[in-house]
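These notes are about the structure you will find just below.
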Amino acid sequence: MDGIHDLGGKQGYGPIEVDDEGTPFHHDWEGREWGIAQCARTPGITIDWWRHCRELIMPEDYLGRPYFDSWAQTDFATYIEAGWITLDEIAAGKSLVDNTDFDNPVTAMTLTQVLQEDHDHAVRFDAEIDAPPAFSVASPVLTSSHGSSGHTRLPQYARGRRGTVNAYNGAHVFPDLSARGKEIHQHCYNVCFAAVDLWPEVENSSDKVYLDLWESYLALA
Amino acid sequence: MDGIHDLGGKQGYGPIEVDDEGTPFHHDWEGREWGIAQCARTPGITIDWWRHCRELIMPEDYLGRPYFDSWAQTDFATYIEAGWITLDEIAAGKSLVDNTDFDNPVTAMTLTQVLQEDHDHAVRFDAEIDAPPAFSVASPVLTSSHGSSGHTRLPQYARGRRGTVNAYNGAHVFPDLSARGKEIHQHCYNVCFAAVDLWPEVENSSDKVYLDLWESYLALA
Amino acid sequence: MPEFDAEKVAEIHQHLHSHLPSESALRVKALETLLVDKGLVNPQTIDAWIEAYTEEIGPKRGARVVAKAWCDAAYKKRLLQDAPAAIDELGFLGKATAHLTVVENTDRVHNLVVCTLCSCYPFSILGIAPAWYKAAAYRSRAVRDPRGVLAEFGAAIGDDVEVRVWDSTAELRYLVLPQRPAGSEDMTEEQLAGLVSRNSMIGTDRVLGAASKGRD
Amino acid sequence: MPEFDAEKVAEIHQHLHSHLPSESALRVKALETLLVDKGLVNPQTIDAWIEAYTEEIGPKRGARVVAKAWCDAAYKKRLLQDAPAAIDELGFLGKATAHLTVVENTDRVHNLVVCTLCSCYPFSILGIAPAWYKAAAYRSRAVRDPRGVLAEFGAAIGDDVEVRVWDSTAELRYLVLPQRPAGSEDMTEEQLAGLVSRNSMIGTDRVLGAASKGRD
């Protein structure tokens, strides 16, 4: 979608607040939200559906609220959409259904268990597929000038642009369909774009931008 | 610039609040700002520089604050940039310089005078130029895929797109340069785009979008 | 004189973001106070501009143009060929109408006006734009989903009708000439003007009639 | 099970915009309270995740990978060829690093990592991303004006150095291998790890050294 999240190359966002205390969480609630997001995911959710739900946050909130606040809002939305919790329960601040899981609440995990889960959570998204890749390293490619009304990983700044295949990544879960619940693998490439081909104000530069793009975003240039 | 103001085709802004009381101003301050904007313009300002200054408002404010509030902020910014008022004066809430105009403040205008000024303010922005227009009605054209790091009237949704010249508008002040203080005329065309060529989700539609575009945004397709 | 320094203006906006009061009324008050104190603005002139755009200049002007075009074929022809000259015949030429184009609705065509990059509007014939016209939802969606937008306004557009969206560009602005309502043959020009809604001249209203709620 | 209904989610967001408290702490509290009440989350597990990403998992892991690559040419080769396997040798494989690519700085190349569409970050080796990495200013500017961004971080990049920006894409994420500091020949791997700043592994820091302030 052409949403507020598609920030690459957008102008007007001002200077960067480069100072950072180096602490992972600046407020208690940030840590709580991080923890919630790690241990409460609705069954059947995909990473791309969660991302798309974050993209669907109202633009004013997306820009105006803190980062982990937007995670909390995304969690709320995915839980409600999946029927895990209801708007009435949020208003009431407590469960309003006779939850069968309630007598058997999830057990506490220790630090060691959590560290093991983090290690086990190195999820791979690639797989072998039958179709041969359409492009190879050094292939000149042209990206689609159309976006998508739903979730996509082809950002606006890289649409209708010429680039060169830098590497073949294997066949990865295609985000546009994964965000609709369909996990289908498609060849994915790392594509190199010259900065001069992306930005009107750039001249005489050898700088590059690299982006991982799926086969259906690309055509042979 | 690829700013927050470039809203055409962007998604996620939700439903339209179609109800409107029909009154021109909903708060007193809106009328005051309208009036200020009509009678206080810095000498040498161009419509495109004023617009560009509005586009430069921080995205969060651009989306989050009421419309006439953004006018007030734009006025503040243009007055400060031109040296009419200073940040110190805003903080102090009063003039801090021995203003030579102060003894001779602008005189009050009556309703009749204001209505006459409105009528006289039907400003034309076109002029005769020597160069012949490059395109004629029905010419197929391709818009530039590059935007501009400054002010431009080629919106993102119409970049790198094929259209057809619907009408020749004459040579008009070129906004990209007018926003930098240079009033140069350039041929301007009304260009028709098929909705199917603009939006990925549109199929089997004869709907159209018409946009007025300057010659340097266009190439023969 | 402006220096046309965009970087400086961006910094000014950041400064104002932090230092101006957050309430809009206070911000505008601060602006007026300072301009008056510096002798750059006369508050009575502000009053006059408010009165002009509350009492005199508004959609009733556009409605009179539309009603005249319905009743006078020669006027309609002039209006479609050179709208500024035709509206000046009624004395309505003014702010932001010097390059006006009038686009006509037919049984097969519906026109809709938007300004995606700012909120351009033909002030001297329609007055101050409604809040929704200036809001992000309308500006973003009118070009991409005009039928969805029209449905939200209660205007259903048949599949056999082509929708034409006019994205206004700074000095070039648009007015929709809606279709004359059915059953209005015996009405006077003045009565007809009473049927023309503001929204119909922007294009978010299509079918006018005796049941039409008139200018909104 | 999700229904994958984007329109419904957009409406939920609008509802939450109006009905949730505005303070972030209260919003998250409301979420945790409800999930705990429904038996879907155990608060002690949340505590454990916070502890894991405060005490155990963070940029010191990435720094150890970098220092080892500086000291062990064979390891560096494995790291550049198959980063997930190489970081798993140190036990640091985990969340969001299964498809990690390591990109190497040289005298002629500087690498910078961003995620323009969200804020993808290699959690299990760098921990929680700094606030600026997740902010609109960095996400918008890193691809378009990387040298200006680097200058704001105090990193001047010579004209003879090519800047390569890596825009992360959901599961494919990046780590920069910075250059070993001059004059560090006699340092141990552990001492070297102490010189590697978090920012140097994202690419917003270039020249490390004894004067480097280390992990930030």
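First chain written, first letter: the chains are A, B, C and D, and each begins at residue 1.
Operating definition for what follows: contacts are C-beta pairs under 8 Å (C-beta built on N, C-alpha and C of every residue); 3 or more make two chains touch, one makes a residue touch a chain.
Because the structure is a prediction, the values reported are computed rather than measured.
Set against the C-alpha centre of subunit A, every other chain centre is closer than that of C.
Averaged Cα coordinates give subunit A a centre that lies 40 Å from the centre of subunit C.
Taking each chain's centre as the mean of its C-alpha atoms, subunit A lies 14 Å from subunit D. Residue numbers of subunit D whose C-beta contacts span two or more other chains: 10, 14, 136.
Annotation for subunit A: residues touching 2 or more other chains are 9-15, 55-59, 63, 199.
Contact annotation for chain pairs lists A-B, A-C, A-D, B-C, B-D, with touch applied as defined. On subunit B, the positions that touch subunit C within their shared complex are 5-11, 13-18, 20, 22-29, 31-36, 38-40, 42-45, 47-49, 51-58, 61, 63, 65-69, 72-73, 75-85, 87, 89-91, 93-95, 99, 101-111, 113-115, 118-119, 121-126, 150, 153, 155, 157, 169, 172-173, 175, 179-181, 188, 190, 198-199, 206-213. Of all residues in subunit C, those touching subunit A in their complex are 10, 14, 136.
Contact residues on subunit B toward subunit D in their complex (touch as defined above): 12, 14-15, 59.
Within the complex formed with subunit B, the subunit A residues making contact are 1-4, 9-14, 55-60, 63-64, 145-149, 156, 159-161, 199-201.
Of all residues in subunit D, only 1-6, 8-10, 12-17, 19-20, 24-25, 27-42, 44-54, 56-58, 84, 88, 91, 93-95, 97-99, 101, 114, 116-119, 123-124, 127-128, 130-132, 134-141, 143-144, 146-147, 149, 152-154, 162-172, 198, 204, 215-216 touch subunit A in the complex they form.
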